[in-house]
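Multiple structures follow.
After this come two complexes, each holding subunit A, first together with subunit B and then together with subunit C.
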Partner chain A sequence: MAELLQLLISGLAAGSIYALAAVGFTLLWQASQTINFAQGEFVMLPAFFVLIGMTVFGLPLWLSIVFGLALALLILGVAFKRLIVEPMLPHGTLPLVIATIALGLLMKESVKEFYGATAQPFPAIFPQTVYNVAGASVSVQDICNLIVSMLAIGSLQLFLNRTRTGRCMQATAQNPAVAEVLGVNVKRMVLYTFLINAALATIASVLISPIYLAKFSNGETLGLVAFIAAIVGGFNQIRGALVGGLLIGVIDNLSAVYVSSEYRSAMPLILLIAIILLRPQGLLGTPEGRTV
Partner chain B sequence: MINKLVYATALVTTLAAAPAMAELKVGSIVELSGPGAAAGTNFRDGVKMGFEEINDAGGVLNEQIAVTEYDSQTDPQVSRAMVQKAIDDGVYAIMGTVFSSSTVVNMLVARQAGIPQFTGSEAPSITSMNNPYIFRTAFGSQKGVPKMAKYMADEMKVKKVAIVWANTEFGKGGHTSFLKEAENHGFEIVADIPTEQAQSDFSADIVKLKGAQADAAFVYVTEEESARFLREARKQGVTIPLVGETTLIGHKVIELAGEAANGAMGHVGLTPDANIPAMTEMVEKFKAKFNYTPDHNAIKGYTAAYALKCVTEMVGEPDSQAIAEKMHGLTLKAADCPGVLMDVSWDETGEMSRESFFVQVENGKQVVKAVLPPN
Partner chain C sequence: MTRSRITLLALAIAALVVAPLGQGNYIIYTLCSWLVFSIAAMGLNLTLGYAGQVSLAQAGFMGIGAYITALMTLNGVHWSLAAFISIVSSFAVGLALGYPALRVQHHFLAFVTLAFNTLLFLVLRNEEEITGGSFGLVGMPRPSFFGISTDGNLPFYYFSLVCFLLSTGVLWWILRSPWGRAFKALRENPIRAESLGLKIRRQTLLAFAIGSAFGGLAGAMQTPLVQFIEPGSFALIHSLKILLMVVVGGSGFFFGPMLGAAVVILLPELLRFTEGYYLIIYAALVIVLMVYSPNGLIGLGQKLLEKVRPKHEARHDLKQGVSL
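Then we have the complex of A and B:
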């Protein structure tokens, strides 16, 4: 029982961070009808912004996080939209998808070139204290990661559903032409989407780096897992990304112990295939038709 | 117009008549991207520093060494192509690769071309293929693991052991070597836990380890995974000794794992904390040059550069074939070839032998518990 509890808690803590990254996929899908294959690198990069704040400018951790968030909003939000998405989108989805792949490579190689290839320790923002709960070792860090991720996604959901700006953003995502006719500032709403994605990526980065360590290649695995989580949960639903992320985190841990450690990384892929075959819109997604 | 033509002809003739700057080409083929970039970068920097020192001191046989770097991308097929490219570029020796899964593939190309290759890989299979051109810069796990297993049996009195290993060519080598030694020493294997390369979450693996009731765990994964493993082990309150190789207790692991590294122990072939002045001096120079603490891979690359220099000078010419022949059964003494840092020997398979250390991490430092003789 303690073993199962341990696996569930660790799986949920890891899964909540996958969910944060997965939400980015759904947000950008809705904003630009494209898949951002640099999403993993979007989560990798802010950790290095924070480290630069600490090591180069000598800022304390909390101020470095603010510095990292500001840089992320600027580079991963505004610059990404202005320099990549806007010029590429008129040429169709495929060129934009390829551009995001190139962007991911650029970000990865730049970090390697300017910061180094080796992993860097990243300071924990929550205490490392561990409590024994019914035989399971539960760290404050795991619980806080879970709570912060849930709060971030929950707040986003509330913002989108309960505020005027949020509803304008949804209208823009569903039909930009009609939204514009109705007086919505479509460009601004799209910009908000990119800024929110950058902020979520920063939160995920700060939460995950103390455990995974800060490394230029972190985005490779994380991006793939988050992509699978978004598809499993439903690519067009934020709550789907949440469910997908948590599910992948828990399944990964359970399969490593109760199925096979050797094939643990195959389990999310098996789940992905099953979902595509049985419920292509994902567990919580809604069917969506697009003209091609 | 005629004057210009005359001047141009005179210039070309003069340049052609001037003695060419002689140089010997060496290929440094390592993991500069992908999961192996940490190890590869250390090895590359070690090689670079070694040859820069050699060139500053006059080079090899009065010729400068030109090192060309190639990125294997931690991909065996790319590494194979890079070895071929280096050979096409005219190198007379190859440094790298570090990841065993790449080396087992690319060493066949160097063998075919008759080019000696100094690898940082540790999988036993590398020196068991009768390849006369492959030479290690660190022990294969079949050399290191027996020393460690003997220490576990004799000094730690271990009976039941759990094995945690990376499911890669490197990890499989250590796993196989340990199973063999476990049989020799009568260890009972109570858990056998494979892990993935670049694995981030070790909570499930630690759960399995805790449930195994082992006296000690043999942990054979690469550095960054070791750091994550040690952190999770500390979190879940693992109290049994965690024993491994350099990859569990190296300086990078200690830096990344922080306090969680304390108590981990194991066998290391090369440690900057060994009380060897030449090693300490090399480490200090490296830190000053590259602004980070070198791990064992950097020391491997550095000593490989000097081994090549000394052997080339012993042979008297940059003859790849003759160098490979000379390496077999060779002992290089640090007194004669200081850059190798410690006395070192190679046998007929290219396997190396030298003294090594059993260390434990205490207060974030490797503390040498025993000096283990060559085997």
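Then we have the complex of A and C:
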């Protein structure tokens, strides 16, 4: 029982970070039909921006995080939208899929060449003390990660539902043509979406790097997990991505212990296939009309 | 086919026959590898370029073919039978995978195949008793036909070339048959195709399964070519590589995948002098190509040609009707 509790908590903590990446993924899909295959690398990269801030410019940790966030907004947000997504949107999803695959490769290889191929230690933001709660060891870091990600997603949800800009963004996601007619600045709303995705990726990066260390290849698994979480939860719902992320985190942790460590990473994939077969719109998603 | 096209085709085949003569082993190996990946990419082009479905498991189907062929030839079965079984199994797996996935929205086949490829990799790596785990399988024999052995690199090249030409022919025939033309109809205007009585789902499923079968054949050829297979060669990243070949060459063009495979296989060799930076340059080139010409290199070529050639201007008032 204690073991189960421990696994649940660490699973939820990891899952909440996956959820950050998955929510960003979902937002991009809704706003611009971009299936971002570089999402994992988007989470890997900001950690290195922060490290550059600390080692090259000698900034303290909090200032480096601000520096990393600014760079991420600029590169992963504005530049990604302006230089890659915008010119390709009229040509459909496929060339964009290929371009994001290439972008992921570009980011991964650049980090490997210009920063280093070895895993870099990343300073922890939260204390790493471990408490004993009812026989289960619970680390403060896990709890704090869970709280920070929940706060981030919660405030995003509030922003989208309660503010004028947020509602305009939702309108854009649902029907860009009608939104434009009603006077929404569609291009700007799409840009906001990209900025939010970059910010979510930065938060996820800063939270996950102290645990996994910052490494150029981190994006491979993270991208796949974000992807699965987004589909399992429901491609058209932020709540869905949240539930999907948490679920994948918990299943991943449980199957490592109760199934087998060899097939640990198979469990989320089996869940993915099962969801697509049984409930293609995702756990919380609403069915989209068939295209044909 | 016009006369000039036939001449061009004959010239191209002659060039392929002459290409390896007097070359070193490494170049012949690279050429063989190009032929193998061309077959895989041609199959994916049927799925992607003609039926409009994204499959991210082409390397997985190559893996199915490669492992089946390896296990059978290691046990003394002749290559041709092993290859046949590989093709049939890939086709069957394609059907089983595509049937449920194509029930739902268009992009779901991409997700299912992505999961399938990753799962297959795990199975190949973990079931050590059958697949040799991460050490892989070694020592698969190269086939011999009517007493002619393909052990040497040059004979093996010609063996690959024959397989390549045969599969090109089969694909050409499929696309020319009324049944294959339906694929094109589907891509150009699915709603109209359906209104004319085409079963969209069945056609797409068949395209995907046939495309997968080509992947199985490519895998069956990979085994005797490399004579060493391991799970890593069939991981998701290689499926993305094959997808890249199709799109870089020009998806939906018959010769696109061949060109794309040549670029994807040869470019790293050409960029070798840049050492560690080659993947960076390579990725950047792909992004630029996609931004500038989403139809790949053939599309780019057509774009450039159009600037020189006099244009046939279509009636603009008809354009609206096409996109309805």
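Here is the rule we go by: the second predicted complex is superposed on the first by the 289 of 292 C-alpha atoms of A that agree within 3 Å, B and C clash if a C-alpha of one lies under 4 Å from a C-alpha of the other, contacts with A are read in each partner's own complex, and residues count from 1 in each chain.
Simple rule for what comes next: a residue touches a chain if its C-beta (ideal position, glycine included) is under 8 Å from a C-beta of that chain, and two chains touch if they have at least 3 such contacts.
Every value quoted in this text rests on a predicted model; they were computed, and no experiment measured them.
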Room on subunit A for both subunit B and subunit C (clash or fit): fit
Under the stated touch criterion, which partner chain does A:Ser10 make contact with: subunit B (first), subunit C (second), both, or neither? first
Using the superposition on chain A described above, determine whether A:Pro280 touches subunit B (first), subunit C (second), both, or neither. second
Who does A:Leu94 touch here: subunit B (first), subunit C (second), both, or neither? second
Using the superposition on chain A described above, determine whether A:Val50 touches subunit B (first), subunit C (second), both, or neither. neither
Once the shared chain is lined up, is A:Val148 touching subunit B (first), subunit C (second), both, or neither of them? neither
With both complexes superposed on chain A, which partner does A:Glu262 reach: first (subunit B), second (subunit C), both or neither? both
Touching partner for A:Ser137 - first (subunit B), second (subunit C), both, neither: first
So, A:Leu156: does it touch subunit B (first), subunit C (second), both, or neither? neither
Tell me which partner A:Ala119 touches in the superposition: subunit B (first), subunit C (second), both or neither. first
Nearest-approach distance, in Å, of subunit C Cα atoms to those of subunit B in the combined model: 5
Where on subunit A do the contacts with subunit B and the contacts with subunit C coincide? 109, 112, 262, 265
Touching subunit A in the complex: which residues of subunit C? 48, 54, 100-101, 103-108, 110-112, 114-116, 118-119, 122, 125-126, 190-191, 194, 200, 240, 243-244, 247-248, 251, 276-277, 279-280, 282-284, 286-287, 290-291, 294
Contact footprint of subunit A on subunit B as seen in their complex: 32-35, 37-38, 40-42, 167, 193-196, 198, 200-201, 203-205, 207-208, 211, 224, 227-228, 231, 235-237, 252, 255-256, 258, 292
In their shared complex, subunit B is touched by residues of subunit A numbered 3, 6-7, 10-11, 14, 109, 112, 116-121, 128, 130, 137, 139, 211-213, 215-217, 220-221, 252-254, 256-257, 261-262, 264-265
Residues of subunit A defined as touching subunit C within the complex: 35, 83-84, 87-88, 91-99, 101-103, 105-106, 109-110, 112-113, 224, 227-228, 231, 262-263, 265-266, 269-270, 272-273, 276-277, 280, 288, 290-292
